[in-house]
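These notes open a run of structures that come right after.
Same chain, two partners: chain A is paired with chain B first, then with chain C.
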Partner chain A sequence: MTTTQPAGQSRKRTSLRTDILEDRPVNLDGFVEEWPEKGLVAMESAFDPEPGVRVEDGVIVELDGKPRADFDFMDTFIAAHAIDIATTEASMAVSSDEIARMIIDPRTSRDEVLAVIRGLTPAKILDVVRLMNVVEIMQGMQKMRARRTPANQAHSTSARDNPIQVAVDAAEGAVRGFAELETTLGVVRYAPLVAIALQVGGQVGRGGVLTQCALEEATELELGMRGITAYAETISIYGTESVFVDGDDTPWSKTFLASAYASRGIKMRFTSGTGSEVQMGNAEGKSMLYLEIRCILMARGAGVQGLQNGSISCIGVPGAVPGGIRAVAAENLVASLCDLEVASGNDQSFSHSSMRRVARLMPQLLPGTDFVCSGYSAVPNADNMFAGSNFDTDDYDDWNTIQRDLQVDGGLRHVREDDILAVRRRAAEALQALFRHLDLPTITDAEVEAATYANSSNDYPLRDVLADLKGAQSVMERGLTGVDLVKGLEATGFHDVAENLLTVLRQRVSGDLLQTSAILTPEFVPLSAINDANDYAGPGTGYRLQGERWEELKKLRHVTSASNPETEVS
Partner chain B sequence: MSSPTGPTSTAERTLRLRDIGPARRGTRPDEVVIALSPAFAGIFSKTIVEVPHAEVLRQLLAGIEEQGVTARVIQVHDTADLAAISHLGARLSGSGISVGVLSRGTTMIHQRDLARLSNLELFPQSPLLDAPVFRQIGSNAARYAKGESPEPVPTRNDQMARPRWQAKAALLHLKEFETIEAGRGPVEVELDFELSSAG
Partner chain C sequence: MTASTSRAPLTTADYPLSVNRPDLLRTPTGKALSELTMDAVVSGALTAADVRIAPETLLLQAEIADAARRPQLAANFRRAAEMTAIPDAEVLLMYNALRPRASSAEQLDALAERLEGEYGATACAALVREAAEVYGRRDLLARPEQD
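What follows is the complex of A and B.
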């Protein structure tokens, strides 16, 4: 039973200040007490196992206090595939204090840290990051993230699944700087049209942007194999066997799926995050971060290049317990410590308070991650079919200003209105021409005009949904592929867009996008941990926001000119 | 998300469930079974947004009765899984239709012939279920029982439900799980409503 009076029922007189505080947005957020026995605790739990490992005849026979006979399938998978058996006993012998210091010390190289981490068990990694406060976690992230140059990812979706909206918002997102674009659907059958729209719009905005469509796993794989999408991310993994089994999956089935992508040269990453197990009632009495570390090691064991983590869709759970956002920052760091690309959350509605929204972002924005948001909403949150992001289109100018204030690169930039209108119109026109060429449902000139100036899905003429769904079905039935899109764009006069898309598709032949943290520059140069390795070694080293990029980020919507203060520069 | 739907008057209905024996398969083709989770009107008295359990049942019953259909209420003790509760209710229902309800408010309309993990209508976002929605759910369940195909109750969506309610929902879920009594079969219950002053 509740012991406190529900809000609004108190008859006691309260101070006027209390009334103001009660009305602050932060008090609309939910907070709960910890319950460690059930796993409702961020990262400090007496019920997490003690670190330990024992190797016999080249096999791990004891992991974090559990003998091999008692292993669940997560333990078995991790012991067999995720821990370097040759070095584990030596690495485990290094004290947690020493490893934590290695992580934050610029004189210890990233490679030296990776070498030690490779031999650690889940409980030992937890023991190490538990020693670190948020500033130390950020310092670790600055050195340990795999790619030197930080980047960002966007969601481009539509509450009406309107493909034109998805195309133009993808184009705008691309020109604003997102390196990856992701969509999903309200009505799943719309997927082929919306995935095509995302791909075309993205390549209009900026050649080399990578796109994906989050769907049920078989369809997602098929769209990837056909070249309608460029990568995949929504392959979820969990930290307990019971939750895995609930989803009819195992570490091996997920690994098999990952290899299906790799077999076609398609970039992919797994998804996991703190809070998912306790949310599903099967945390087996372990802390959220301990279970997430098991996921991270499972991802490494599967051989995937990266992971989307940072609680993701369960952010309301760690967000509600003490130290939860520290744990979320720590889980991103652990993914980097395991040499994985990290797409670091900040992708789901998190708080009613703008101050909390920004504070939750700082541990990723300030040090930089491979993708600061694994889904900044490049549409208004009401159109976000991932159920809303921590940041949306309304926040673009604030984001750009924060980058400029702190001189940090969050992957975005201010773009002039005429440039934005131009790419939006062109994306709509390209999709219009392509749909006509492929005999897909008509896009009218009125829709192109509306798309150029629109903000949300409410600003577009309504589509004939049944005709669209028939068109979407025909895309699948006719077996259309990315090459058909290229041909159609070329045939309808969108040569540069066709060229951009073809160049993205050719990456799957070279396999360069399978390297850790790979993205494409506007010149189609793959930028990954291989050729853009993070070389942070203290002040003055690593990625620095300077030169041309810094000049670009100095621009905002309104900046008073120094030479003529009666005007603004833009 | 607006503030919780709290009781507005000082008089509040309280509800007691009286166990009247093992739940049996109904024979009336015009009945809907309402299947309640283990902690409903037990350790919990209201949903996640403070709709009293008494009100939830009153609205469901009213919705069913306004369609000229009768209702029977059972409580399940050996699981807190909504699909399992609802499907069990459907199998005990003379019409094959049930409404399953968790203590926090999550609700499902189920049918005997469907797979357990399938359903007729699911209302997963417990914070968005208020009294009028429960009444519509009752009404729709009754219409299915009569062999009609009603328009599904419109589902709502609120992207700020996550920051406000996700963790509390997890906590309520864990608490409800603790009240599970393995091996105890479903029981038929009678409802004792009392009007009490919540002063």
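What follows is the complex of A and C.
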């Protein structure tokens, strides 16, 4: 708290109402004035370039007012790979007003919009979305997101890197509906055990959940190659050359890495977000959204299927400036306009105010995105090793109620207590048996019992960390793979879990999960922007929350029975 | 590494291949999807080498990406098809060689030569040559050792 005046200074009398307002959680949040010269501005800066393009002999020789000789590597990459040179001059000639109207007009198809966007430069795209208010941005997202059916992604981590906690919270997350589960570590050497726990737990709650372990690029790729994880996301890109280089990468190294993942049949998306360049100290005087649009175009040029954006870990930066959350909604929309899968943020502690946390979510939840959160915390935020999410396990019932109130699908559902306890116990038992089978550190019956009923890492017996780290090392030294996990689960009587995991591994052979916005249904059918393409064309079309799914989302923890008001249904 | 030329190009209706066109899918070890069973895992007939993607499959997915009007995604799949031949450890070394100021112009040239000569990876080699040109212009080649 910084509102108290130093002792000894005379204190001006404030009203009793002001005292109450001063104590409201929102006043613990940080807010700053815009500073466009340093890039501390959301999306309206006099220092952003004017749109423009010039093509000579099939080559872009001028981009947004900059001649080719002055291109930095982002300009070079975008001009060579991201912009459709055959159509760019025609597309750039369409007025920004007209393009913005095409985006929100249900009579203009998604494909027609994509055809124009393919030829636009970063400054032109900025010029288009700057015309749109937040409701228009949502209307655009409803039509432009790639997959018709929205989904959600969770974090499953542990403040003690306890693999049992990660497994059971993954299982609970899976049964609650998350399509993807992501973990990361406090102690990186724990990664192999925790990644195995996530992979096993994720297949207990329901089949077909995809998992990843966020680590340094090379290690993350190695776990994926071994089949211990199913997809990857922590492949960061930046909007200025200097910050990109500070991240020890270039558009070409990241493009090579994208192909490396695909060559192993592993789904992958890049990560970027407004505010990262100003946070890393070199925004080159450009607005946050202009730089993010460069990232989005770079991702399209690399041929990666999708992008995690929406400021992500830098949300405090756009969150502090005027219009910042509108800019965050706009960056998700631009990723969809560029025909990329979008995992749309809402994955980082953002505000002390619950009202602000929910308001920040609305532009993604209401229209739906490919993944509404790119990390809803499926553990209490104190256990969230991504530094906390915008929503955590305490918010499950609120989330389910908001879905029911507004009849929108945020990817989750209410699950009965006995079902949750059953999947938690089964995940713990499966991991216990697998660790014993693979000669990894013991999981005791007391730990299984604790895991079944636990909330946070404090509710589990302490592990022998040194023994766990030795076990983790042996996973790498022995070269254990996803197939070894399947074999171990089958040998120890967890046939259904083994079968689910084998089915996920088999997906690699077909490459179906490499296409844009791909997830697996609980029946293991790949669902992507190809066989579930967004066909929104106005009221009554596109994804509608109805039928069996709507009946499921009507259920909450406490709902009074209509036939017997003395009882509850759930 | 060209897909069979006797059939019509794939369309988006062929997706997902695992459901609609399993007949076209083989592991790099020559097995059909239907052979990847639990019995095969238990007997040891199925190993980690069998749950990898074949270059031919990546080219099929590239056809579908092209049909879905995603040419950059298709190009990514074609580079990936070339990369299936490169061992895991070498892929990681090549990625690291492309990081800023990690390689000299000569080293990047040698990398492109190796991709082309050893692995027939012409699209990957072109990407490396393009990087080398840009790195030279933007001071991102390895700096000579200081005395």
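We take it that the second predicted complex is superposed on the first by the 560 of 570 C-alpha atoms of A that agree within 3 Å, B and C clash if a C-alpha of one lies under 4 Å from a C-alpha of the other, contacts with A are read in each partner's own complex, and residues count from 1 in each chain.
By our rule, a contact is a pair of C-beta atoms (placed from the backbone, for glycine too) under 8 Å apart; a residue touches a chain by one contact, two chains touch by 3 or more.
Computed from a prediction, not measured in an experiment: that's the story for all the values here.
Of the two partner chains, chain C is the only one touched by A:302; chain B is not.
In the superposition on chain A, A:455 contacts neither chain B nor chain C. By the touch criterion defined above, A:320 lies against chain B but remains apart from chain C after alignment on the C-alpha atoms of chain A. Looking at the shared chain after the overlay, A:486 reaches chain C, while chain B stays out of its contact range. Of the two partner chains placed around the shared chain by superposition, chain C is the only one that A:241 touches, whereas chain B remains out of contact. Contacts of A:108 after superposition on the shared chain: neither chain B nor chain C is touched. For chain A, the partner touching the most residues, choosing from chain B and chain C, is C. Counting contacts as defined above, no chain A residue meets chain B in one complex and chain C in the other. Those residues of chain A lying in contact with chain C across their complex are 72-73, 76-77, 80-82, 111, 114, 217-218, 221-222, 225-227, 241, 245, 248-250, 252-253, 255-265, 300-305, 339, 481-484, 486-487, 490-491, 495, 498-499, 502, 505-512, 514-516, 525-526, 528-531.
By the touch rule above, chain B contacts chain A in their complex via residues 1, 3-4, 6, 43, 45, 50, 157, 159-160, 162-171, 173-174, 177. Touching chain A in their complex are the following residues of chain C: 12, 15-19, 22, 25, 27, 33, 36, 38, 41-42, 46-48, 50-54, 57-58, 60-61, 64-65, 68-70, 72-77, 79-84, 86, 88, 91-92, 94-96, 98-100, 124, 127-128, 130-131, 134-135, 138, 140. Looking at the complex, you find that chain A touches chain B at residues 1, 6-9, 28-32, 35, 38, 40, 275, 278-279, 281, 313-317, 319-321, 348-352, 381-382, 384, 387-388.
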